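In order of appearance the chains are A, B and C, and numbering begins at 1 in each one.
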């Protein structure tokens, strides 16, 4: 068990190293990626502008407190575009052009190889930087104490967010095992993604229920800030962790099913 | 060769092309719904909290109407040919048009309108439904003249947005990695045109400054003509300015393409 | 026990036919017309350790599908296979470490990186220890004469050099079994030759078993003593390539040149005329008539030159395909 973990950690290290070398090859592209993500970030910051200009309070949380939520969303978006986005876009290609075949013959997990091979080091930089700054401002303004317990709890919930993000956003890619055209589905997934830009409190109850229990999208950005604001007990944090692991197991099974279908249906 | 027949053939090719991607278009509309919904909830929260009747000079009904209409109009006028034009420039596809008796500009324009024809119809139907619903709820005071002017300015917006994008495309003659560039420009143009939020959120001075650019005349202006926010006098004035920009951009696109094309032929593609 | 043991392997898959038009597209959303294609029909063979076996057959014959089943990529519809003591499609990691697969049309090297990086990644994937890794890399790159190219980005290499790098990446863990799918496709002749020589050497030197598919006869002829011919999913022939003529009752080809015109009619009674004009002719005839016919032609025609040859293998193979589709 420990040896396998070490092997995968080492492989992931090589993935990152490889991606870094390849990206440094095209420095122009690197700068361009930075720029593209920055422009997207600017579009997101328009929401911040609206919040501050209207002095919006949601559930008694002032604009500075809302920065915790918008910042969390921005940070997780950064991790998503950096660690997962490129891979999930490539999976349909692997299926279509048969690159999956060679990956299947390797003595490592196929899901690991196919869904984590590429790491983009340029895209997440603006998101993570600006997101952390926003969280910092919110943290300070809401007078949240900077204790180990707060940081640990927040970090744990950030991890939960990443697991859920992986599980939810890989679904369009999984569909590509069965359907040829899935571009539109991932486009929709991306536009749903931005529903997380605000605390879920602005949505009506039924939307909140769907987004928490059916498709646990709202867990991604809400639980971290709510925990910091003292509105989320450790019990819920634990439940979120358990839920995200359960979701991961479900996605793992779904993945295996999809690959089994691939192996028996193609020639 | 009869010019009219040639261009009607290109137009119908554009229509057929759009038919092929119709599923993509409908899913795209579905995708456009989510940001509109999110904004709807945000604005609802904003107005409920502030308790004021109007924010940024918009009433609650007006801002919701703006959000929906701006979302639809941005989808309608969106150009998707940037990458194709860039490919034509980079891979020598342009040569086909240099030796044929058809202008590349004419080909792109007519094919663009062909591709948009059906969507214009669908969008018109959707708009009809929304306008009816909004006026029934009292969020919109329906005036025939505004409807007509909206239809005209919408065509103008389509044309103006085409011209802006066409001018930007000329940069493919000079820049190496171009696909990222188009992502940036189209998003920026959309923001400056008021496609995401009404321009008023940027503050009075920014709105004033933007009036001197072509961007508000693609989304912000047509939507406000319909919603009744633009006053009667300003409506006609705006229409004139819109067509002024269109004429200017026709000239500008000719110029940029002629200059760039000279470079293209000199290098030999 | 055999190295590779295959019994009645069968693979069929369902595909959907889509008709054009909007109405049919909508209809397809609910009911799709499904058709079954039988890619491999009941194929059986055994391969011993150290053998080098070539799979020949036209496009879509089922060669690649068979190879994919033997490497565990695909599940068979029915039948059984045992490779090195494992059932391939159980995809055990222990099994995956024993073999390697190279596909001429797909690359596993990363385009923007030097080949050495991709090879190193494979070292880690296959858990090769450092010492063995360094030795293998040195040996393989020397054999293929590409030591200087290891640190060059793959996209700057020629097609032939790229294939050599693919081979190094595939062999870095010293697999006992090597599957090659069209390894020389698209290469120029010198590169093809080099790759063949290398594979032959590797087979002999390390005793590795090689299974190779190709439509280039030359690949199979040079490398493999044993050939398996497949067409439309059926195994047509299994044996030595140059013995394939035995199937057709030991035919021989006789080529003649004349000093004066000779009509086709007069030649017809000696054998099947493959080709003829006034001054030359090619006849095909059973081996036992060779002596009698040779004597007769030499005596009764103005023959100035003649040669006796085997039937070209390509011809025998196409006769094999033909016989199959008729029978």
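In this section, a contact is a pair of C-beta atoms (placed from the backbone, for glycine too) under 8 Å apart; a residue touches a chain by one contact, two chains touch by 3 or more.
Predicted model only: the values in this text are computed from it and were never measured.
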Most central chain, Cα average position: A
Greatest separation from chain B - chain, by CA centre: C
Gap in Å, rounded to a whole number, between the CA centres of chain C and chain B: 56
Centroid distance [mean C-alpha coordinates] between chain C and chain A, Å: 46
Whole-Å gap separating chain A and chain B, where each centre is the average of the chain's CA atoms: 32
Two or more partner chains touched - positions in chain A: 26
Chain A - residues contacting chain B, complex: 26, 28-29, 32-33, 35-36, 39-40, 42-43, 46-47, 49-50, 53-58, 181, 183-185, 187-188, 190-192, 194-195, 197-198, 202-204, 207
Chain A to chain C touching residues, read off their complex: 7, 10-11, 14, 18, 21-22, 25-26, 97-99, 101-102, 104-108, 260, 263-267
Touching residues on chain C, where the partner in the complex is chain A: 11, 13-14, 37, 39, 65, 68, 71-75, 77, 89, 91, 93-94, 96-97, 99-101, 103, 106, 108, 110, 112-113, 117, 120-121, 124-127, 153
Touching residues (chain side chain B, partner chain A) in the complex: 23-24, 27-28, 30-32, 34-35, 37-38, 41-42, 44-46, 49-50, 55-56, 176-177, 180-181, 183-184, 187-188, 191, 196-197, 201-202
